[in-house]
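You will see chain A twice below: alongside chain B first, and alongside chain C after that.
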Partner chain A sequence: MIPALHIIKRRLERNFIGYSFTLPFIILFSVFVLYPIVSGLLLSSTDYTLMKPQSSFVGLKNYIKLITEDNYFRKYFINTIYYTVLVVPARLLLGLFLANYVNRRMIGFSFSRVIIFAPYVLSVSVIGLVWGWLYDWQYGLINTTLKFIGLSPIPWLSTSQTVMPALALVSLWADVGFDMIILLAAMQDIPTEVIEAAKVDGANGWQSFWQITVPLLRPVIIMLITINIISCMRLFGLVFVMTDGGPAGSSMSVAYHIYRTAFRQGDFSYGSAMGFILMAFLLVITIIRQLLIRSDTAT
Partner chain B sequence: MRKAIQSLRLTDILIWVCGMIYVLLAIIPIYWMVISSIKPESIIISKVPIWIPPTITFDHYIKVFERPILLWFRNTAITTFFIIVLRVFLASLAGYAFARLRFRGRDMIFTLMLITLMIPPEITLIPLYLVVRDLQLVNTLSGIIIPSIPSVFAVYLFRQFFLSLPKELEDAAMIDGCTPMTTFLRIALPLAKPAIIVVIILSFVDSWNALTWPLVVSNRETQTLAVGLARFNPQMGVATLPSYIGPGMAASTLMATPVLLVYFLLQRYIVQGISTTGLK
Partner chain C sequence: MNNKNINRREFLRIVATGAMSTALAACGINPPQEASTPESSTEIVATSIPPSTQPLQLECWIHRGDPQASAIESYVQRYNKELAEKGEPVTWVTTVQPSVIEPLTAAFSAGSGFPDLMIDSTGEWMGPFIKSGWQVELNSLLESVGFDWGQMLPNTRWQIDGKDYFLHYNITAFLMYINLDHANEAGLDLAKSPPDTWDAVVEWAQKMTKTDSNGNIVRPGFLNLGSGIHPAVIWATLVEGYGGNVITPDGKGPNFNNEAGIKAAQWVLDTFHRWKISDINMQDRYKQWVSGAASMFFSGNWVIANSIQQEGLNFDVWRVPRADRIYSTCANESIQIFKGEENRMKEAAKLTKWFIDHNGEYSAPFGDIAVTKAAVEHPDYKNRVANKYTWPVMEAYDQAYVYPWPMHPQGPLFLPYSGEVIIRNMDLIWQGQISIEEGLKNFEKEVIDILAQEPIIPITVV
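On to the complex of A and B.
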């Protein structure tokens, strides 16, 4: 009996020490990360608004309305997907090229790496202000340059056809450094013998890149695509700073719509339901990623 | 053989030229921000791009201070400082426990934390706001700071670092009678300097730049640089008034300088931290 008690006491002590180390973090994490997820789900099944704090349970009504009736929400969701479709492949291809370029260690590669990643550390507020100025219809650098070389200026942020590509271009500039760093780290893990062997077998640079390097990078590429889809679907800052969703809602994103619904119209429950539809969408993306990885390890 | 070498060189040159062109293009927005902040307004509204202005002015910087930018700067500095200090302390403690100590539910809690990394914060923006409102922290600097402290990524980074350390030193300390806390503070934490630096720098960039959360939870008195700048030009996207350009670029330059300085001086750590995020 006595040794058993001794063991129990030691175990309790161990647990106590473990909890005392982690508890400060876990409390903050529970209150500000975990609890909002649960309370947000509950909130989305009520009709709680700033005007009507005495809320009642409405079940899936908000979700049904969002999916079947709300044409604005559908439009903004499609806008956000459009932005994502523009950004993700462009970032991946440019990122692959730049990683390959830097990895060759030619003159200026170190300087190039520093410059390419630099925009990634800037605030979206700074990026939005600077690019808003570059895109300016009359005096902006891009249009004055276009006019200077004899082309006609483009109303970047003020037509519904050009506004999303314009924002996608900003994201490409701002974030491609992240893709480059991740791909570069993965490329440096590839043993040089593999590439050398391909060259001996007569593959040229282009072939060995697409047939050896890229397939070896596949797990990293899949991960990068998932991360980038999630980050694109969160689109908020650029819209807030540069376009306010305009013209006529054509650059309105889901996250910005959530923000406006809650903090300008006071409709907390409806906005919260939008968040969880977005989350369900991202969950599907994550599951697809898991399936792709699993099929990789299976074969 | 000679032909192969020649063609190899040609692709090398082609890639180098394209890479360099991209790098030069990528510098332009940052250069244009800085140069526009010291251009007189008459040059800002020039019909042709002027790369090097014949005269420069600091009027825009003086104009920036007509707005409460010092207050924004102060708020940003305070929130950034406290987020970094508290995050490093709590995350290193937790990271150490998840790496070294054994306690009930350890792996389950850690897995749960990693899962929440996949959930973007925008999704819980509203319920989080309601929590902070109920705690009466809206429009306070604490309301910006406290919810930003728990970073799962920081815990993850510390955990990975402690796992990579040899255990012998800590074991020796324990045998010498150190409690787990003194072992952590005297032995493990000083060894974790590289991880601490990475977390400090990444947290600095993060908190300095953060827009969404401070936007939701601050007012005129507590807004940060990112919020003040985001609202700098009321006509954004519709028609930029030329008189906003100079001051806007001056404010952007002021806000970007600290992060760019930190980045250029310590970029090794940032790159290292970023590659850990992705590669696991």
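On to the complex of A and C.
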């Protein structure tokens, strides 16, 4: 027998029981993840639509059309990236600030931790409905307050300029608690000796935070950035509940466009192709994250 | 405890058998069984029971908002009760569906999962289901349960190739809602000088609009929005009024990238910027209208019920304003039956007939407009409050200036009035991102591309 095969066989024999315990996972993963992915990939290379179940193979035609011709897809992709750019840094910076505040155990920190994290457990529909009312042009609490203090009301959801920042603000409110908790856990893992040593060396609070705490949080920050980018690029619920993609498509996200293409227009193959382009983009982000983490480990 | 040692091979066999059985069960496939006897097979048990004694459970989807959805549910429950009293083993289960496009699409893909019957809001996006045969033709089916098509009022039936696929239980048309308190405050008299034309609408709205000291609108005289379906419908109505067409009557091409289309789009824009009678930032038109936040509202008779119910809203209605000609679109509410076993379709037809037999009684509490001769004579319907507000709709049908929203075989995206194509193009004009000319040119190009794939389904109003 070839030596390599012999080694594999021996390894399989040695780990036989271990591998067999993974069978339930492998079966479920194959049925519910792998099969849909492969099936979606095949679908994206056909011209299957609701009205044309007898589809034919079209190769990369859907992908080529998406990349070279579809201005709407391009616009919605840019919308989604714009939303991501608004949300990800804000979530991280605010999360860092809040985690630091809670970590310092100032007055009311325990209560604040609960309050900040609470919106994260709400469903996106509830969040969307509540904020839809808060943002209402005429009767919303925010504009009523602005008018009360003598400022002009803001058309939060009804102009192309304000709608994405408005959605980003909702996301910030709802999700920053998650970032805070993860960063807080990481902060509490930092040995106190390191901070104390910095103090002895004359670092003030600000210096110690930026030059000791933040660098030590780097792996967690990279992970959070990746998770947040992926979550933002999958923006769906808030758009569905609050704006339906309007006005003028300025809040239409890629995920919502995929849903509309596949399930309202019935164009499943084109929708699948969009999904794979989004997946490829997210895969690149994940690979970059892996490389960054690897470079961290190496240094 | 009796411990038994198993070897690796045996362990793997047990795990694999268990996992495979679970996977097959999840897929709905019965794993092969050893030595099954004919007596134990489910097939024999099933055929031993006469089909007539088997209870039949059918599914009815309701695609309406409240208060109509709750009312329809209670009618179906009443029907269930009547069936039970007669000893018929049939039960209807109702599901109120906020959106039916997705579940119907899923059912189409799976080839199963359609309801037996759907009591729908607008049905103009049902083209794909008619074309594929899932939504069935109603004529012979309803006649088989004694339904009389002759009882339907004129112009209430839509036919495709001489066949009915929709049985309307409520007809609609657009009309102008006017807040009478605002009109009186502005010294306007609906009886003496009604807003019969779109120019008159502007005059009325200008008199009723309220602004603050900085000139900002605090109460628009005409309710218009800066995006979505509402400005698109106003534009489309005006295009037709000025002699153009969103889609030509033969369903083969657009006819709006011209003077009519430009004039109509300019009218919509002028409501915001020139005449300042509308607030471009307003959202949720229905909420704004019923809360008295605007003075005039162009919408359909589906708003009547909520307007009546709204405490303190003193309102009246007027017919669709005239441009060069008067034109109104409609999106009637209908019952649809889906392909299934013969006995199920027959039961669906029976419920349909029963519901239409109660059309007058059902419509009475709302602004819904009855469709049969008997229904309009029903005492509850004849004496209802809403009748004061339904005359513009009746007139539109009597004088035949109401037309169905065009239906495309590829579904809702391509609807010229309410689909994404019109909204995503016209929104850019309302939002000032492109010029009217450019917007209409882009929209026209998309419509031509869509119609090149398949033309509009021609509907004949009977």
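To be clear about the criterion, the second predicted complex is superposed on the first by the 270 of 299 C-alpha atoms of A that agree within 3 Å, B and C clash if a C-alpha of one lies under 4 Å from a C-alpha of the other, contacts with A are read in each partner's own complex, and residues count from 1 in each chain.
Heads up, the rule we're going with is that contacts are C-beta pairs under 8 Å (C-beta built on N, C-alpha and C of every residue); 3 or more make two chains touch, one makes a residue touch a chain.
Source: prediction; values computed, not measured.
Visitor: Which partner does A:72 reach: the first (chain B), the second (chain C), both, or neither?
Guide: second
Visitor: Is the number of chain A residues in contact higher for chain B or for chain C?
Guide: B
Visitor: Using the touch definition from the top, say if A:112 reaches chain B (first), chain C (second), both or neither.
Guide: The answer is first: A:112 touches chain B but not chain C.
Visitor: Touch check for A:246: first (chain B), second (chain C), both, or neither?
Guide: A:246 contacts both chain B and chain C.
Visitor: If you stack the two complexes on chain A, which partner ends up touching A:50: first (chain B), second (chain C), both, or neither?
Guide: A:50 sits against chain C, while chain B stays out of touch.
Visitor: What is the contact status of A:157 with respect to chain B (first) and chain C (second): first, second, both, or neither?
Guide: Both chain B and chain C are touched by A:157.
Visitor: Once the shared chain is lined up, is A:17 touching chain B (first), chain C (second), both, or neither of them?
Guide: So A:17 meets both chain B and chain C here.
Visitor: Who does A:149 touch here: chain B (first), chain C (second), both, or neither?
Guide: In the superposition, A:149 touches no partner, neither chain B nor chain C.
Visitor: Mind working out whether A:200 is in touch with chain B, chain C, both or neither, as first, second, both or neither?
Guide: neither
Visitor: With the two complexes superposed on chain A, say which partner A:260 touches: chain B (first), chain C (second), both, or neither.
Guide: second
Visitor: Taking the contacts chain A makes with chain B in one complex and with chain C in the other, which residues are shared?
Guide: Of chain A, residues 17, 24, 31, 136-139, 157-158, 244, 246, 263, 268 contact chain B in one complex and chain C in the other.
Visitor: Once bound in the complex, which stretches of chain B touch chain A?
Guide: Touching chain A from chain B are residues 4, 7-8, 11-12, 15-16, 18-20, 22-23, 26-30, 32-33, 36, 44-49, 90-91, 93-94, 96-98, 101-104, 106, 109, 112-113, 116, 118-120, 122-131, 146-147, 149-150, 152, 155, 180-181, 184, 205, 208-212, 215-216, 225-227, 229-230, 232-233, 236-240, 242, 245, 248-249, 251-252, 255-256, 259-260, 262-264, 267, 270-271, 274-275, 278-279.
Visitor: Would you tell me which residues of chain C are touching chain A in their complex?
Guide: 8, 11-12, 15-16, 19, 22-23, 26, 101-102, 105-106, 108-109, 128, 131-132, 216, 225-228, 279-284, 288, 291, 293, 409-413, 420, 423-424, 427-428, 430-431, 433
Visitor: Tell me, which parts of chain A touch chain B in their complex?
Guide: 14-15, 17-19, 21-22, 24-26, 28-29, 31-37, 39-40, 43, 94, 97-98, 100-102, 104, 106-108, 111-112, 114-119, 121-126, 128-134, 136-141, 144-145, 147-148, 157-158, 173, 178, 181-182, 185-186, 204-206, 220, 223-224, 227, 230-231, 233-234, 236-237, 240-244, 246, 255, 258-259, 262-263, 268, 271-272, 275-276, 278-279, 282-283, 286
Visitor: In their shared complex, at which residues does chain A touch chain C?
Guide: Chain A residues touching chain C: 16-17, 20, 23-24, 27, 31, 49-51, 53, 72, 136-139, 152, 155, 157-160, 244, 246-250, 260, 263-266, 268.
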